[in-house]
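Two complexes are shown next, each including chain A; its partner changes from chain B in the first to chain C in the second.
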Partner chain A sequence: MELWYTHLLREKLDQDSLLVQGNRASALGALDAGVRFFAGYPITPSSEIMETMARELPKVGGVFLQMEDEIASICACIGGSLTGEISMTATSGPGFSLMQEAIGYAIMAEAPLVIVNVMRVGPSTGRPTAPSQGDVMQARWGTHGDHPAIVLAASNVVDMYRLTMAAVRFAQRFRTPVTLLADEVVGHMRESFSAEKAGRYRLSSGDFDFTENYSRPDLVREVHPPHQLGAFRHPHVTGLVHDETGFPTNDPQKSAEFLRELHDKVAHHRDELCLYDVKNEGRGRVCIVAYGSCARSARAAMDLAQHEGIPVEVLHLYTLFPLPVEILQRVARRVEFMLIPELNLGQYAREVRKMAEQWTTVISMGKIDGTLITPRELVDRVSDLVGKYENV
Partner chain B sequence: MAQASATAGRLGSRRFVETRLGGSGGQGVILMGVILAVAAARDHRHVVQTQSYGPEARGGYSRADVIIANEQIDYPQLQGADLLVTLSDQAAKHYIGGLRRTGVFLYDSDEVSPPTVLAETYAVPLIRLAQEITGRSQSANILTLGAIVALTELVTRPSLERAVAEMVPKASLDLNLRAMEAGLALKPEEWRVV
Partner chain C sequence: MTSALDRFLHTDRLPHIWCAGCGAGMVTGAFLRAAAKLDLHKDTTAIIGGIGCSSRAAGYLDFGTVHAIHGRALAFATGIKMARPDFTVIVFTGDGDGAAIGGNHLIHACRRNIDITCILFNNSIYGMTGGQASPMSQEDDVSVTAPYGQAERSFDLCRLTEAAGATYVARGTAYAGRELERLIRDGVRHKGFSFIEAVSQCPTEYGKRNPPKGAIAMLEDQRDRSVSAKEAAGMTPEELEGKLITGLIYKDESAPEFQESYQRMVERVQQDFDGTS
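Moving on to the complex of A and B:
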């Protein structure tokens, strides 16, 4: 019987010290979660995920394919997924753009797969080695049509490991593509963490544990059964709206039902999908809402501000979509300002504003120069807000 | 031992130390950063290691940053350097601004034109020493790691040795261990710039 973190374990230096690169941790998380098919095309700053998979997958009987481009990569992953293998690919902005059409196909065909997007400054080829969070709304709405999306965001190396595992679990359970967003800093940094603790998240949204089977109430009635190639039922896979036989239908009622079900299987399980952590709960007039690298700036800013006599609350989001409506509204009701630092010009702040503006003032703090937002910059902004409030 | 001065000798026992290693492309500063980070992880400390990539690394200078702490590290990048080590003049000029006034500066005395800083400064002909001792100037990065530990005890000596053994190619292990020993044997007080 293999330990659940068997691939991670090989990285161990000794009893409990590990030093792993973010991209490598994502690949190890995928292997430990059972991913056995990877097709990709190398792109900075995500290439180490692919390199690790190329080296490790053959050792565990998996299949690794380097494709001619990102369109072929995700299409191969859909194929892998339809054969029952857990499939994954990794890319950055330019590749993610090429994948969009096929992501829609995977949603429609209900092919579970994981896409890791290590974000760099865009648009186009942008700045390959500079971090960004510019693909947040693309991860939500990049493919056409009205569709659900599950999008996670990693802020450190251990996140890269366990959120990749979470992405695999969610993809399998909801039979849909799951996107894990990281950025250049998280992907390339090396960081120490404990292997034994790596599979557990103790979060405000509830503990999330990979060390046992991820067993949850059955979704049989909400999620359509998998395609079984080679078996008798549903041999037909299509991007067209289809009925339970797998063949296209133009029946308005069946069509609407099918699309509604695609949404509902995600929307009805926000409680399970939305991972978040609240620090300094109810202690400040300002709450910093952050994800990815910015969440690390936010946590450091929280301590720095505390030191300077300004209590600040931090809401760290690990799940961006489905939108964690309940926690955003709960926080909005108790704070005067929600400050959203992002390495873009306020993509997620707009989402938060929609949910929260009737209770609080939502302020976007965007940075697009390819550097992280420093704790000092955040604290200065917070002081500014609190000062303004006191002068009113 | 390495208690040459209050500041340098105390770095190893601080709860939070930010280190920047700078040099020109090909001097092995990235590997130096990774080895330092691995050694600190072996010491059961919290570590984050980042580095410059791409055009910056291919130009005149590259850097590796290592944060070593007793608690979880939130912000992953350097907010100021407690220890700056540079093997090239261009890197020294580029990164000197980030060095804290209370920090420690170690540089290659043949390569770097002496800067005016308030930080405690040590000048060692690191590359020349590596060439003399191992016959290979490329081992200067490993010799420098030894010098850093002699100066600061930032990581323990056994951890450094294990990290070097893990990270350098087997064929050049002996050579690199000799370079490391030479660095560890340096007497910081002899190299202090006053």
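Moving on to the complex of A and C:
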């Protein structure tokens, strides 16, 4: 398939790589993955995604809508999705909060949808241009009721491109909304971006192939028959608990089965959904478990620590939910400490602790001052842990 | 008993949930007769309801139907219309769904003049949740959340939507079913945003606390208060106090429709884009 960014590169510049901003890379990934419907509302630090879509979608005959608020944005996307369009919106914390009710609707109605949340410091208006990872649990549990969630996290510009594509694939294949989280710094940073770099995606969890039937993949078997307007004659779509006909039911057994199946379609496919990379596997007493900008710091800290004679393992998570239980437990069994740096007060560390505390000590390293966690800070914390252990 | 309109109904979903004497079925009936006259195609007609008694109508109709979330039917409908311009898109909403929680979407749908027909069932009360005041409750109306009488003023939704940019604005009543049917038919035919306020009655939650009592008396009250737009033009504000101005209130066939404007923009961009690559 012809990738959009390569087209752009050919058009604009006669060179192999280009300096691209994270938010823009997300928009390009969306276009390459077949997103042809975008509705949004401006909000810092995500607006460049919307601006890029406004510029590019008309060129390919897609629909771009600037709606009156974030609620209308996601609802318009659901409308587009119900007709079979691959739909996406992008926002930040305050807008993400406004979207929560509709996210639940998309889960219930099994309407595929991609939501990119470029996180800023909260709560409330917070610090719109400072990086944060404060929306991790909102992405998991923001909408009401028991529900599954697929949540990805980008750590650099190339990730923004590739994980937006992955989000499209997962949304279509599982027929559910998928959230891609980026911290502000990932959305706004500019990095060298090339076809070569973006096309390859080799992770410990497996290779990722973007080329084969990418945006219209087969559905997983647990998905209910799609009720698409205009295709499935005249379906009924509702946010009420319903059965496979699409019509509401109050039958206790049927409604429990339906809700259970929504969970199962995600839970049964953790192997496919959980993207991660392990570095220095089995070579340290400490494993840094990180995602987003913190994962970059962790990778740099690994090299720095190595230089200082302390082997450290790094588990870089690209999928936060469903929880990558298997890899977390495998790592937990072999290390003495799991160190979890986050730009929040330990939201994900609490999740990891539930999985891992019977085998290892899980240590949360949270930062909420709107600055990044540096490799030096991580190495100091690791030496501290290793030193303490040696003194016991 | 079957009728010619059964072909538009999921008869297996009946009986409906509405109370005896409710106007929702009468408004839905007017819609069904209009649908038959228009010969709406089931595969390319999308009906979107929000949340509330009136919005439930969508679930009984055998078209492509969406029972959306509270207040957001018009936002869903905007997405559907933009993705499928060939669809006839109709929104069923109520005075709570459309004028309170969904008020912002209503004015913006009017502003865009997108080709959607919005039928707002106005029964002046939140029926499904048990009789709370709505933005369409009149001053001094009694409800469970205004037990001493409503202190707020209500909207004039037809003036609101006209000012916001709707290009077809009409008001009908459950009482005058034939007129309502005509207004809906013409609204669906109109290219642009059509707003039809269907004044309806809720004898259960509104009628039990406010005069007149009972569905028949409430319907007669709709009749007695109705003044045609033509008559109203010659009446003073004092004479119009408490009246319902009914019929076609405003129509503009020259304003650009949003989806078509968007499509023209896309064609222009694609021409330029193809020219340079």
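By our rule, the second predicted complex is superposed on the first by the 364 of 392 C-alpha atoms of A that agree within 3 Å, B and C clash if a C-alpha of one lies under 4 Å from a C-alpha of the other, contacts with A are read in each partner's own complex, and residues count from 1 in each chain.
As a convention for this text, a residue touches a chain if its C-beta (ideal position, glycine included) is under 8 Å from a C-beta of that chain, and two chains touch if they have at least 3 such contacts.
Fair warning: this is a prediction, and the values are worked out from it, not measured in the lab.
Novice: Could you look at A:Phe37 and tell me whether it touches chain B, chain C, both or neither (first, second, both, neither)?
Specialist: A:Phe37: touches chain C, not chain B.
Novice: Where does A:Thr129 make contact in the superposed view: on chain B (first), on chain C (second), on both, or on neither?
Specialist: first
Novice: Touch check for A:Glu308: first (chain B), second (chain C), both, or neither?
Specialist: After superposition on chain A, A:Glu308 lies in contact with neither partner.
Novice: Spot which of chain B and chain C makes contact with more residues of chain A, would you?
Specialist: C
Novice: So, does A:Gly80 touch the first partner chain B, the second partner chain C, both, or neither?
Specialist: Touch status of A:Gly80: second partner only.
Novice: A:Glu101 contacts which: chain B (first), chain C (second), both, neither?
Specialist: second
Novice: Applying the touch criterion given at the start, work out whether A:Asp384 contacts chain B, chain C, both or neither, answering first, second, both or neither.
Specialist: Touch status of A:Asp384: no partner.
Novice: Thinking of the overlay built on chain A, is A:His188 touched by chain B (first), by chain C (second), by both, or by neither?
Specialist: Only chain B; A:His188 stays clear of chain C.
Novice: In the superposed arrangement, which partner chain does A:Asp271 touch: chain B (first), chain C (second), both, or neither?
Specialist: neither
Novice: With touch defined as at the start, can you tell me which chain A residues reach chain B in the complex?
Specialist: Per the stated touch rule, the residues are 13-14, 16-19, 44-45, 128-129, 156, 184-185, 188-192, 293, 296-297, 299-300, 303, 372, 374-376.
Novice: For the complex, which residues does chain B have touching chain A?
Specialist: So the residues of chain B touching chain A come out as 34, 37-38, 40-51, 53-56, 73-77, 79, 166.
Novice: Which of the residues in chain C come into contact with chain A in the complex?
Specialist: Result: residues 10, 13, 42-44, 46, 48, 58-59, 62-69, 72, 75-84, 87, 104-105, 108, 262, 265-266, 269-270, 273, 276-277 of chain C touch chain A.
Novice: Sort out for me which residues of chain A touch chain C in the complex.
Specialist: Against chain C, the touching part of chain A is residues 11, 37, 39, 58-59, 61, 63, 65, 67-69, 71-73, 75-85, 87, 101-102, 105, 229-230, 233-240, 247-248.
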